[in-house]
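Each in structure tokens, the structures are laid out below.
Paired with chain B in one complex and with chain C in the other, chain A is shared by the two complexes that follow.
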Partner chain A sequence: MALSTHTTSTGFLLPSIHSAPPFFTQQPNPATEAIVIEQWTKLILSYARHRNLFYLRVEDAETGGDWDEVLRNDRINRRLPPTHLSSILAGMVAKNVATYEPAKQTRSVLLYWRLPEEWAEVLHQWASTTGQMNTIMTFYEITDPPVNSPLTNIPLPLLRKAITILAKSNRAQIIAIADGEGVRFFTPAK
Partner chain B sequence: MSLKRFSQSIDGTIPIQALLYDDEELLGSQDNVGIYDGQQKSPRHQSGTAYITSHRLFYVDGPKPDSCSFSIDLSHVSRTDYYAGLFTSSPKVTLYLAGDVSSESNDEHAPSIWECQVCGNHNSPGFSPSAARICGLCGVPRDAADDSTEGSSAPHLSSSLPASGFAGPVQRSSKDPVPCPACTFLNHPSLRTCELCETDLPRRPSRRELQSAPVSRPHSPDNDEEGDPANMLIKVSFRKGGDKAIYGALKTSLNGKVWESKAATVDRGGGNRSVGISGILRTVENSVQERETSMHDALQDLEALMVKAKDMVNLAAELNYKLTAASSTNDEPEEATFIRSSLTQLGLHIDNAPVTQDMTKDERRWHEELARELAKVLQAGLMRDKGIVALDEVWGGWNRARGVALIPPATFLQVIPLLPQYTTPQVSTRKFVSGLTVLHTPPYSASAFSARLAGFLVMHGSRTTLEIALEMELDMEGSNEAGMSVSLCKEMVEDCEREGGVCRDDVGQCAIVGGGGVGVEVRWWPNLFVGYVWDGQSEEDD
Partner chain C sequence: MHRRGVGLAAFDRKQTTKRFEELSNSISQSQVTHLNNQLAQFRTALTHFASTHRDKIKSDPSFRHAFQQMCTSIGVDPLAGPRKGGWWAELLGLGDWQYELGVQIVDVCVSTRERNGGLIEMAELIRMVSKLRGVSGGSITEDDIVQSIKTLEPLGAGYQVVDISGRKMVRSVVKELDDDQTTILGLAQEHGGRVVEDMLIQRRQWSRERARTALENMLLRDGLCWLDDQDEECGRAYWVTSAMKWEA
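Showing the complex of A and B:
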């Protein structure tokens, strides 16, 4: 039987496997389930990149939210059960494309549709193109700039990780300021 | 000397309370008493204290308590007399004694801890002799429990029951029923009062009086009694008064007859009534015997049934032979074909007599012969319509066809590996994960079935297990009309899933509308995931 792709209302192209009801069931056969988890991981990260979403929780499978377009398929009357989603999250964390955030629980993850190293590069790039080098910036200015940047609404833990990576290569430095934290970017010494 | 005969010496230095039995009670005491043995004063017992208890009369001597003190069981007292005393003679209480002492001796039941056979209670030795005869917890007389082995520790209850249940009362009393003097009802000889009207029955010559010449005497053989066997008596003389109180206590004690009630219970327990512990013992024994007889009868019936089964097999063979003979020239009429086919379907007809072990010498050859026979049975009846059949069905059908000399499961399991050589198409064994073992023809092997299943699902879309069971087999060309049994189908589909041939869609869990729960409805799809190529949103970098 032919399965087709589908474009959602936000302009995201769902793969044809998403129209297959077995995709939503947790498969007992381990080899089959490995393939299923892999496809779901790809789908979730792709959607997160498309919509600029960072967090995914197990509860998102049950209640409505940003993820409904992916976690449910009303055309075939199927949804992803929370147990299956939980095991998919575990798989993603094991592959290091997500991490449990806040730590020590298994219900909510922070997605790395862009790895922290990549975020670090993007951050440094943005700082230099907007002419904010060598000035102290607050975190708020980075996450909520007047002009939309790829870093808009980035969660603070991820931002901190990226800055830490830059600090290791001497391209940024964390400063403690009056309320909150600040960061200063440097150009790397040639 | 009636005193010597009826009393037991005790150590008077021990306080009186310590000498009592556990169920004995002290009713009264009086000092300054003397004892008369018969009509004369007893020289050694002239100044002491008398104690009346519910079971005995104690005398503790004043000057020599350790050597001159004694006790008398009140059960030996037949009547009492009271003499108020004149000017110089002191008040006296006379006790007339009767009964034989040695038959009451407690030597047979040694005063030690004994274990009751019925309830397992350990009875302490502190009880009075009559109380010591029955168990403190359940009331079963000690003799009834271990009559056959006196004093030994634990004879099995059921083995001792026959001895006790029926031997007891017969031993103790004579066999003739006793007529009641009031209502002329014939009572059991061991009863004391009439069963209907409760009047006292005349005492039969009880064993006490029958054994009136004791073999062994517990007391020293002193001066034998000169005459007067009917008038053995003891007098207690009260030098300082207190006679009224003691006499009252004595009367109370005698009326209470605590030992009497126990003894009566002991004897009455031997009666043929179905109440109390002995009744329960009797019913248990009866039911055991009943069970044995019924089992024996049932086994005899089973033997008869086996003979009949053999007859049926012979009849079937005869019928088949006659049909063959009758229709050898023409085509077989419809009924004959029908009869023959039903016989084979029932598994009743086999061409040869069943192979038994004594027919062939070598066990290996015997297995091969059995395999050959089983192959014939399978092809004739059991597997003709179905390509796959469970092992228990095969075993049952084969044994039914044999009729006699049935095959035990162990032999059966040894024979089935030999089947593929003797069957066409080859019948092989397959064992599922759940433990179900089946015999199947090649179309039903794992690989063949999964290939068929995948093809079926591709053609018809997703199906539930039930639908597969019903519909799939219909598609096969030239095969059976009936489908597979659903549970068997489920086993095979799950096996296929384990191999990776199909994947499941749990409608109950995943449906947005109308889901029921995990595993409620499962639909099967061909495995879509193997070799799937991603065709969703391509990854772009910002």
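Showing the complex of A and C:
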């Protein structure tokens, strides 16, 4: 009765702990639950990176959707209850690997499987290698480029955070344009 | 209550002189003499009272309780003093009484541990101890049990009065080796880590109370297992992670 890893249909390798029935139950012993939350956090961020998912909602535990491969294990007939998921999300926000988005609610989080600081670097790098420095770009052109990039489908709140970080190091500037928001990237003077 | 001689018995010791020396720094000699006399008088009165009512203290629990309360309020610790059993032993010959009761409590707890996992209801403990003592033992109250358990404290055997949802219970858990836990761990090894109450009842003939207590202790108090509340068979299963086989 060995607990094993499992590769999902989308090619994600689930860790062996995902095959353990108690992994889905919120543990009454605080020390044990801390371990459970840590493991779920790793798993969630890993899966989000694999599928390029940015949002996780408490209701994802109930409805079918992008997160099914992780939030349930039909081979052992277990699912992560919404209450437990809510608690895990709170833990992730406390550790700054996620943030409640929109603000002032606790049912939906924006995941930082890449930190905003890291996104800033990726963004700047992409602007540079695609020869778009010193050009005014719309946000849309960034999230929906003709050629897929790491920034494809990045949620606007996260994009804004990354740009703000670049602005602090003089590598980007938000420009007000006719229909929407724009940004210009540049390399700071040495 | 302080055991280290805060009671009247303390004034019998050599430290008395030193204490009075300190005292006399702030109080005049005449006041000291007056105080000394008063204490001597009081002690005589208390001694007289105790001997006169010795039989009643021994046989009547409510009177015994009242006497104990009075001692507490004056600051006399009936258990302190040079002789084992203190005050009780010196004047009433009751020192042995307290310890005898203690031994009987331990006796009952140990013999029922199989059945209840080390947790016995106060009412049942009283009933069984009374049976042990027989008619000549006089009636025993909850208060007597509580006091007696206090004397067991220094033994470090973990005897404790606990309140579980309104019911008073006495817990007697051996600190080091918990045999019940060993049994559970053994079962867990046999079943890939999963243990449920029914297993212990059917395969080891435990009572449900004992099974539940042992498993919950492992879960909550000792953090030795994980809970699965979606278990298809029993609804609640306990998984001992060290007994689970993991693929690398």
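Keep this in mind: the second predicted complex is superposed on the first by the 189 of 190 C-alpha atoms of A that agree within 3 Å, B and C clash if a C-alpha of one lies under 4 Å from a C-alpha of the other, contacts with A are read in each partner's own complex, and residues count from 1 in each chain.
FYI, a residue touches a chain if its C-beta (ideal position, glycine included) is under 8 Å from a C-beta of that chain, and two chains touch if they have at least 3 such contacts.
What you see is a predicted model; the values in this text were computed from it and never measured.
**Q** So if we stack both complexes on chain A, do chain B and chain C clash, or do they fit?
**A** Superposition result for chain B and chain C: clash.
**Q** According to the stated criteria, A:Thr32 is in contact with first (chain B), second (chain C), both, or neither; which is it?
**A** Once the two structures are laid over each other on A, A:Thr32 reaches both partners.
**Q** Could you say whether A:Asp74 touches chain B, chain C, both of them, or neither, answering first, second, both or neither?
**A** After superposing on A, A:Asp74 lies in contact with chain B but is clear of chain C.
**Q** Using the touch definition from the top, say if A:Leu110 reaches chain B (first), chain C (second), both or neither.
**A** In the superposition, A:Leu110 touches no partner, neither chain B nor chain C.
**Q** Now for A:Phe24: first (chain B), second (chain C), both, or neither, which partner does it touch?
**A** In the superposed model, A:Phe24 contacts both chain B and chain C.
**Q** Between chain B (first) and chain C (second), which does A:Thr5 come into contact with in this model arrangement: first, second, both, or neither?
**A** A:Thr5 sits against chain B and chain C alike.
**Q** Is the number of chain A residues in contact higher for chain B or for chain C?
**A** Looking at chain A, the partner in contact with more of its residues is B.
**Q** Is A:Ser16 touching the first partner chain B, the second partner chain C, both, or neither of them?
**A** Both: A:Ser16 reaches chain B and chain C.
**Q** Of the candidate stretches 26-34, 296-304 or 476-484, which in chain B collides with chain C after aligning the structures?
**A** Stretch flagged for C-alpha clashes with chain C: 476-484.
**Q** Both chain B and chain C contact which residues of chain A?
**A** 1, 3, 5, 16, 20-25, 27-29, 31-32, 36, 77-79
**Q** Would you pull the chain B residues touching chain A in the complex into a rising list?
**A** 458, 461-462, 497-498, 500, 503-507, 509-514, 523, 525, 527-530, 532, 534-539, 542
**Q** Within the complex, which stretch of chain C touches chain A?
**A** Touching chain A: residues 192, 194, 219-220, 223, 226-232, 237, 239, 244-248 of chain C.
**Q** Spell out the part of chain A that touches chain C in their complex, as residue ranges.
**A** Within the complex, chain A contacts chain C at residues 1-5, 16, 20-25, 27-29, 31-32, 36, 77-79.
**Q** Any idea which chain A residues touch chain B in the complex?
**A** By the definition above, chain A touches chain B via 1, 3, 5, 12-18, 20-29, 31-32, 35-36, 39, 42-43, 46-47, 49-50, 72, 74, 77-81, 122, 150.
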